[in-house]
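Each chain gets a letter, A, B, C, D and E, in the order it is written, and its residues are counted from 1.
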Amino acid sequence: GCGGSSTTSSDAKEIKVGGNLELTGGVATFGNSVANGVKLAFKEVNAAGGVLGKQLVFIAADNKSEPSESTNAITKLITKDKVVAVIGAVASTNTLAAVQVAQDNKIPLITPTSTNPRVTVENGKVREWVFRSCFIDPFQGSVMANFASKSLNAKTAAIYTDNSSDYSKGLTEVFEQTFTKNGGKIVAKEAFLQKDQDFKAALTKIKAANPDVIFIPAYYEEVGKIVKQARELGITVPLLGADGWDSPKLVEIAGAAALNNVYFSNHYSPEDKDPRVVKFVEAYKKEYGQVPDALAALGYDAAMLLVDAIKRAGSAEPAKIKDALAQTKNLQLVSGVISLDANHNPVKSAAIIELKDGKQIFKEKINP
Amino acid sequence: MLKLDNISVYYGAIHALKGISVEVKEGEIVTLIGANGAGKSTTLRTISGLLKPRAGQILFEGKNIAGLPAQDIVKMGISQVPEGRRIFANMTVLENLELGAYTRKDSAGIAADLEKVFARFPRLAERRSQIAGTLSGGEQQMLAIGRALMSRPRLLLLDEPSMGLAPLLVKEIFAIIKEINASGTTILLVEQNAHMALSIAHQAYVLETGRITLAGKAADLAQSEAVRKAYLGG
Amino acid sequence: MTILGMNAKRKTDLVSLAACLGLYAAVQAMIEFDIIGSFWLLNIILICINIILAVSLNLINGFTGQFSIGHAGFMAVGAYLSAVLTVKFQVPFILAILAGAVAAGVLGFVIGLPTLRLSGDYLAIATLGLGEIIRITILNIPYVGGASGFMGIPRYTSFTWVFWAMVFTVFVIKNLINSSHGRACISIRENEIAAEAMGVDTTRYKVLAFTIGAAFAGIAGALFSHYFYIAHPASFTFMKSFDILTMVVLGGLGSLTGSITAAILLTFVSAALAGYPEWRMVIYSLLLIALMLYRPQGLFGNKELSLKVFGKLRGGGVRGTAQDN
Amino acid sequence: MALLKTTKLTKVFGGLRAVSNVNLEIHPGELVGLIGPNGAGKTTVFNLLTGVYEPTEGEIEFDGKSVVGLRPFQITQRGIARTFQNIRLFADLTVLDNVKIAYHFHVRYGLVESILRLGRYWQEEAEIEAKALRFLEIFQLADKKDEIAKNLSYGEQRRLEIARALAAQPKLLLLDEPAAGMNPQETQQLMEMIRWIRRQFNLTILLIEHDMSLVMGVCERIYVLDYGSVIAHGTPQEIKTNPRVIEAYLGEEVH
Amino acid sequence: MEFSSFSQQLGQQLINGISLGSIYALIALGYTMVYGIIRLINFAHGDIYMLGAYAGFFATTVFKWPFIPSLVFAMAVAAAAGIIIERAAYRPLRHAPKIAVLITAIGISLLLEYGGILLVTPQPRTFPAVFPAELYHFGGLVVNNQQIVILTVSLILMVVLTYVVNRTKVGKAMRAVSYDTDAARLMGIDVDRIISVTFAIGSSLAAAAGVLVGVYYNSIDPLMGIMPGLKAFVAAVLGGIGIIPGAMLGGIIMGIIEALVSGFISSTFRDAAAFAILIIILLFKPSGLLGKNVREKV
């Protein structure tokens, strides 16, 4: 059968896929969500007979949310477990620590969530073996900046960045550029670090600068506390964010009342009535007993992107998978319809979501 | 009152006491003399419950106390002035003395005994709120004895109480020991200063590398040729 | 020590050197013939780097008795400075490593001088703080990538580099320990007041041990960043310092062979558990607790392994301090 | 000229004048005793002489030069070595290593030489070992050279402390209660030993002791401290009969 | 920046700092107490704090208990955990080198963190509003009732603990044990029991902190103890470790430093500044602000 042509997988009945994920350490929540998404996808595919008649096996390795461990994890997956492709890592930094290993060993790598542009492109050159299934920072950053100046008529803005994350810094940069280009002014730039608990000092400073809106490109755990503490300090202006805000936890942490007058961009909305989304949310709830966040959806999508490529390649050989991945066109996924561009980045739409009394309201959809 | 019967104690592989038997009768002063490393301190620490004998019995008023935890033995009325004083250096003199009465509940009695100790050692009264660690060596020794008395022991174990004391104080300490004994406390005294020890004790034991080699009336031992040669400097 | 003793010591030096060469040749051959895959190679490289870290921290903690837990900070200095030199200034690797070592050593000296006046737990928290200050400072320098880390570092580190760097480290520290200078360090650990009274300039030797330890941590850092393509502040947190400290304590404070064994053991355990991510840290922590309960003085206490045989052969005393191996 | 001279040496702790206007003068080769009741300030005087404490007031001249403000190791290097009232050995090291450390500041080979083990390293290490062993022999500890120091008996530990102090090759040796914890027999042996080392090494010795047989037996001159001040000073015979000393310290005449 | 806005900002930052500092103080009290008695940097303290927060969380969400019973429950659970940990992991090492116990403590800390992840997932949980926030405004300055409660609780605990350790019999026994266990035994003190009591008290204090902070920040997760644990330890050292009022003082100072650095310099240098100030203070006061600089008597 086709298995014979595979040089890396010795077992003809299986296709091994690696996951280089943040299962412990600082951003373990995201790593675990992605892992859940991937596992669900593989389970569904396997239940339907697998790909090319073979079962998918997912081997997750923990990178402890640390770059050097990420190098370590992907090396193990490729050389010891002999996987044909790797999904991960979640954080851009950790993915960047893994891309060279994928390149060197000629194994395709798909990151479901790393939005930093440098992941797929280095010094203007595309990394042949590296792909991603989420949109990149510039897109989200400019979406929110345009939303602020056009829909909210903001003239001044403050930015509160998570300094330990490339994602947050990338969004900050693009937001600032776009917002300034639109004629706005950034009146305060503050930063915090992951796992911080108390934000009142910086928020007090931001409050004193009196901005029209505050952009907080960060993940929900910290965002929840920031929003809560901001409102407690009497900051009433609109708060803007990005896909990192998407989690039911946000409402629990910040409280529904604090979350009025906030907007964020996202890959998908679980409230979306699109049948794909509904089906995914149902299946995920059944499997894990909770509503999937965006990371779970992105993990699921990355897995499906890979499955699609293997199908089209008609082989589980890494080189063929890579070629098929590069040619992905109009693939229907949970987070939208994607095509990969020349830089291996997906072209897909973003949703802007408003929260009202804790409920997500689909505000507008923005196409690239 | 106290009877050690064939006690053996080990430190890991070191056999420190090789089956010793000692008897202390109520109201007596019994002294234990011997060279460095003979096992004198080990004997006292075993009686106090800091060490557990591997073999043998320790009978205190008929009850076997071998292997009981130290705090229970203190409650039964045995108190020790340990070698090297072991005062609580980070606490005040007064607090050290109060800790001596830890097992007691009668606050009036404690207060009275405190005054007695201060009367006996006026230097301690002067320094009652000094941090004990900054006392001089001799002052610390007085504190250690005073602290042991605070538990109103029936049997007092003294490990080299004269070490590091000025001659005047050595005499004083021995006088105090006699006085404590006269007021009804039985005493087991370990001493390097064999002259003095033999002069106040009723009974004496000589310990040599973990074995009792001589025993008898203190006055007799003081006259013994062997003892004079080995421990009294000729 | 007789002339005979001296010859015997020299002989053991030569024997050890030969053993190192043999080990090197064997491993290198296995790499060439692909018997050791890149996963295990990576772990062998990590083991060597961890040995450098553990042995150098042992000089400070185990031999000199200064409770320091900021080693990751010095490692970071070596990692970043060497990377800047190779990436931005195209400096040869060996010079970059040396520069990393010197910079870490100088920093160790400058901050050691005032800090080492502290003792015990106060020193521990101060060194932990210093490590964090170094890390946070790096985090705030955009030139080296800030919180995103410094990327695009070429992979210059190979087995050859780490192996000989490790041999060099162990050699230097072992010889230092077995000299009067080493005894001065050890005497500080044993009793600082008595050491002063014996004419040992305790400040000088504390700072010396700290500086040398920091410099070797710098070397380890340089080798580290040139293997993993990236230098990132998250790799140098206080948890990393704890990891190194764990190796030192587990091996035995004041035992070089202990540090080496523990570094191998813990790195290996970590690698072996990589396949069970949910359970990995739980098992690791249970193992750590069990080992400490079983051998509180560390695997080897303050004794050296393998020396019994050599020690008996040359009739030398092998108790207490580090001896030749 | 005096080897050691203190003028108006004073140390105040909080409100306590532990040492007060003490003038000592010790000449080369002398064996001098320092006695006094507990808490008189004897150990504090040693601590001042060796730089552990800085004097509140007063001057300390050693070998014609002031040593006030020097750190303890510098004073040791100038030639004053001491033992401690509470034994301070390097408890986990071997007996031999304990003594070797005292040679440290006489070592001439440098760091690089010790790392590369150049010629001088071997030669000096051999010398140190030989000399250390000789001291251990003098103090009858040679057969215990590989024993861990803390496993020695109390008396042996005291001897090791003296051996270690001597190995630093001082001009002035300060002994703080060397006979504490020894029985009369052992004390006599110690006395012999002190006499012998003084002759052998041309030492000057200042010693604190409460054992009058030792002090009166070996000292040529004695200073008596009480409440931080010198209350008497003279030959053993003079001291024994000095009424102030008897009252404050001896209790009755000693023979 | 005009003056009135500056002084108002300063005022708000001081409020922020004191409230953050009182959280550090609350955790540091238990830390310092355990250290004071057994000279152990109990790195697991921050994780007991986490454990307490979860116990409180389950009491309020699963048993639906009101606030006070939940708090007591959390403290009891943590006390039990503290006693068990001491028995199983620290007591066998009573005579071992200190640093071995430290490594064991790190092991326990990792075990609680990752065992916690295994049991309750790494996802953060949110505390139900058992004790809702109310805001008070004073001419532009904002304070909330939770901040006041935390500050008050830590002040009261400081006074109570200081009294217990310095004045009561059990406190004196604790200090005696901390200095010399054998001598303490000779006084008739049951050393093991005193250490158990110490751990129980220290751990229940951590749990109280965990619940209060859980309510205040409204979010708990298995790794929540790491940073506050470290910060509280720094605070304890800053004030003089082992000294109870020192923990309070150290905590408040840390909080104020962090707030001022974040507010007027840059929040990214906040932790570095806190450590730098710690080191500078230690260089001048090597045993912390309230620590007595007792040199060993020679």
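Here is the rule we go by: a contact is a pair of C-beta atoms (placed from the backbone, for glycine too) under 8 Å apart; a residue touches a chain by one contact, two chains touch by 3 or more.
Computed from a prediction, not measured in an experiment: that's the story for all the values here.
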Going by the contact rule set out at the top, which chains touch both chain B and chain C? D, E
Starting at chain A, fewest touch steps before arriving at chain C: 1
Specify the chain most distant from chain B by Cα centroid. A
If you tally C-beta contacts across C-E and across B-D, the winner is C-E
Interchain centroid distance [CA atoms averaged], chain B/chain D, Å: 30
Approximate Å spacing (C-alpha centroids) for the pair chain A, chain E: 36
Between chain C and chain D, what is the gap in Å from one C-alpha centre to the other? 40
Return the residues of chain C touching two or more other chains; collapse runs of consecutive numbers into ranges. 139, 193, 278, 280-281
Can you list the chain B residues in contact with two or more other chains? 134
Residues of chain E touching at least two other chains: 114, 117, 266, 268, 271, 298
Please name which positions on chain C make contact with chain A in the complex. 37-40, 42-43, 46, 139, 146-149, 151-152, 155, 224, 227-230, 232-235, 271, 274-275, 277-278, 280-281
Which stretch or stretches of chain B touch chain E in the complex? 48-50, 69-71, 74-75, 79-80, 82, 86-91, 95, 98-100, 102-103, 131, 133-134, 147, 151
So in the complex, the part of chain E that touches chain C is made up of which residues? 35, 39, 41, 89, 92-93, 96-97, 99-104, 106-111, 113-115, 117-118, 230, 233-234, 237, 241, 266, 268-269, 271-272, 275-276, 278-279, 282-283, 286-288, 296, 298
Interfacial residue positions of chain D with respect to chain B in the complex: 13, 35-40, 43, 85-86, 153-156, 177, 180-188, 210, 212-213, 248-251, 254
Going by the contact rule set out above, which residues of chain A touch chain C in the complex? 23-24, 26, 59-62, 65-68, 71-73, 75-76, 78-80, 92-93, 96-97, 100, 105, 116, 118, 122, 163-166, 169, 193
